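Quick heads-up: structures coming right below.
Look for chain A in each of the two complexes below; its partner is chain B in the first and chain C in the second.
Showing the complex of A and B:
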């Protein structure tokens, strides 16, 4: 606790978390509390299933569909980029999706959402089985795409003066190709799901690269989506980029699906 | 679990493990950064766990363009075989309810790797100090019974203060006394578990408040150095207090990006 200038006693803030509260909570816990917590943890487990039949997938996805290129897009702009620049040919088939729940979920039904909403769906390239196909797993290379707000980027200049959007990359030790943009400078970090995937790849020696697009627009935005274009020239993508015609149509659809709202509606 | 960088698991028999507790002001973690950076310790592996919030970034101890692109994750292990030192660095906070499972996994690794002793660098809220503590040095130590056998004489010769017991229920003066480390994160849990598992562990902590905790980290490594003599002073003059601790390159911009000129 700490006293403020005005004399009231407040809880002292701590960057290191709230372990003290947790310790006291754990000491008071009954077996009923433990059981409730265990059930909540089970409810939060991620399930893999086939969306069309709503049946659970047997075994792990990569065991059923070993691949040499695994591309993960996280966030609406990254997903929109993949949808419009890579997957617009119609040559991709859905092989599974995830169903998950946690206390932050807003979507009631995870199986009927548009591509820019929070959901995880797995696609396989029908014409080339090596992309999410049949090559042995040890040759797998992973590419992760995501966006962050430019205010997350640390630099000695003011972030307001940076020419957004811009790309930065982080790669694991076993990723031998060069990245399509500058590497993320210290002291910047990535966190969340992209960091979890990249950490796994670094520890288990899987070649992987994370492309972070720093932008000042977090909702679906054409300029942000197009900022990912340099990666189309990379080894992972060069055989996947297909015809242009449908691209603008898909881009327009994805970026206008957000309804405008103001205080009068 | 410990995953080595190379093909084989390094032999840590007889090594001293230095580690931080994620605690108020992140002082233990800052102190570990100073140790790893100054001694130029090499990364030997990862402590891969789902107990810490994930994060990645490029090499925080980079000294040149060539070594700046090595990826670092949230829990890494470094070593200095010449001094039989191994360092664990933790770079993020615990996920709720995962602190205790982490302690169990960590101590299980300490035992299986045959480290001889563990030194935990930590901190505690200075706002919880009593009057006596406010008037004395801000540094405290705690030793598990199995550690006391080996080093108590050395510690006593340094005139260090042992962490005092305080009322278990703070508001009640007649409650029992016990060791409390408010703001210390897993420090107390590690200490209790090590006592019961007979692991040689020493806790070194400083009373701090949140803010610019770099001076606190420098103080804490200086305190550790009085005992372990990790580094020597850079000049022969015994009155010179500055020790040559090397601040890592990742300590830039700790308080955010530059300011927009339009503010002024």
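Showing the complex of A and C:
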């Protein structure tokens, strides 16, 4: 215990290890606490469902639809690139989606999540099921697309002189093809979900590449979306894109669903 | 290193950066695009209109403002900062007219705004203005002018420039397409401004606002119909150019 400058008594951190008081507190945990913990854990479970019918999908998605090419887009510009350039050509069929809830979500539980909250939709190419097809998992190759703000990019140049938006790549050891752009220089790192996926792939020896677009506009923006275009020449995407859409078509699809802000004009 | 030297505006970092000023330039990029073009007999300001909330009065959301009868400006960045700068500039224009009995030159009012912005980068307890401005107009000598200011308080004259979101893309477009032919007559200069904006504006002509000043004439704001008309003409010209290309290839 210690007294502060303002006269309040606070608990000082003890470096002698666990105190006896803590053990007593643990014993006082009631069945109510365990029940609350169990319900929270249940809420946080990731569910796999069919979006239209909201029925749960049985079994693991990858077991039912094993694939050779798995493409993940994280963030609105990456998703817009995939939907405008890749899913525009060819028939893609939705095979399922996941909803995820945790304590940071504003909704009370995953049943009340609105579409802009944590949601992931899985699509399968109807004409070529090997993209999400019948090859064994060993030959699977993963491509991850995401965006980051250019001010996160560490460089000796000033951010004003950088040619934003620009692409950088990061790949796992088992990814043998060359990336479509230069690799991410040190000391820059990947963050969040893309980093988690790439780490998982590195550990489980799955060939994977992350394409990171550094941009100064995080909202859906055509210039940022078009910055992903060099990827279309890579092995994973060559067979998937038949027609490059015109700018006007892409612009039509971009809808800004954010709330009105009057701070910036 | 940045985090130790970016809290106070009046502190330089060891390598000579004023981080607050550089961060203010990031605030400018959050505003929608504005483009300015200096023609032979006309100056044009085009802006990307922000989408207005349903219950909001559209007339009160303006990016292009007149500073005097012969000078106007468009800004990008913090709305409230822009309002303060515009008010000060307007007062200065009238004060100058009453004192010297001459209207301000475009360069004078630009220098005034730039000096004001610079003061706020050197005072303790204040932060820089988070706006960049494009100032256009005609002087008494009949020469068209276009100036750009930024949060650091610098100002330069330009033939054509863009500020705000995606300004780099628009500037590259202008560098490729600003030729003596392109600004040969007033209509071509207006079309160039609209074409530059269409590169980055979502959903086309509906989201564009345009203003022009012609020599010895007051500021004119284009109506939505007039802009739609120009956009349709531009699209026709594009289609014709594409048809010609395909014919050539065959």
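Rule of thumb we're sticking to: the second predicted complex is superposed on the first by the 196 of 265 C-alpha atoms of A that agree within 3 Å, B and C clash if a C-alpha of one lies under 4 Å from a C-alpha of the other, contacts with A are read in each partner's own complex, and residues count from 1 in each chain.
By definition in this document, contacts are C-beta pairs under 8 Å (C-beta built on N, C-alpha and C of every residue); 3 or more make two chains touch, one makes a residue touch a chain.
The structure presented is a predicted model; accordingly, all values stated were derived computationally and were not measured.
Between chain B and chain C, it is B that contacts the larger number of residues in chain A. Judged by the touch definition given at the top, the superposed model places A:173 against chain B, while chain C stays out of reach.
Contacts of A:164 after superposition: chain C is touched, whereas chain B is not reached. By the touch criterion defined above, A:184 lies against chain B but remains apart from chain C after alignment on the C-alpha atoms of chain A. By the document's definition of touching, of the two partners only chain B reaches A:155; chain C does not.
In the superposed model, A:221 makes contact with chain C only, not with chain B. In the overlay built on the shared chain, the residue A:198 is in contact with chain B alone; chain C does not reach it. Residues 158-160 of chain A touch chain B in one complex and chain C in the other.
The touching residues of chain B, counted against chain A in their complex, run 3, 22-26, 46, 48, 53-60, 62, 68-71, 73-74, 92-94, 96-97, 99-100, 125, 127-128, 182-186, 188-189, 209-210, 249-254, 256-262. Within the complex formed with chain B, the residues of chain A that make contact are 1-2, 12-17, 19-20, 22-23, 26, 37, 153-161, 170-173, 183-193, 195-196, 198-199, 202-204, 210.
The touching residues of chain A, when paired with chain C in their complex, are 151, 158-160, 163-164, 216-217, 220-223, 248, 251-252, 254, 256, 260, 262-265. Here chain C touches chain A in the complex through residues 17, 22, 25-27, 29-32, 50-53, 56, 61, 63, 75-80, 82, 165-166, 168-169, 200-204, going by the rule given at the top.
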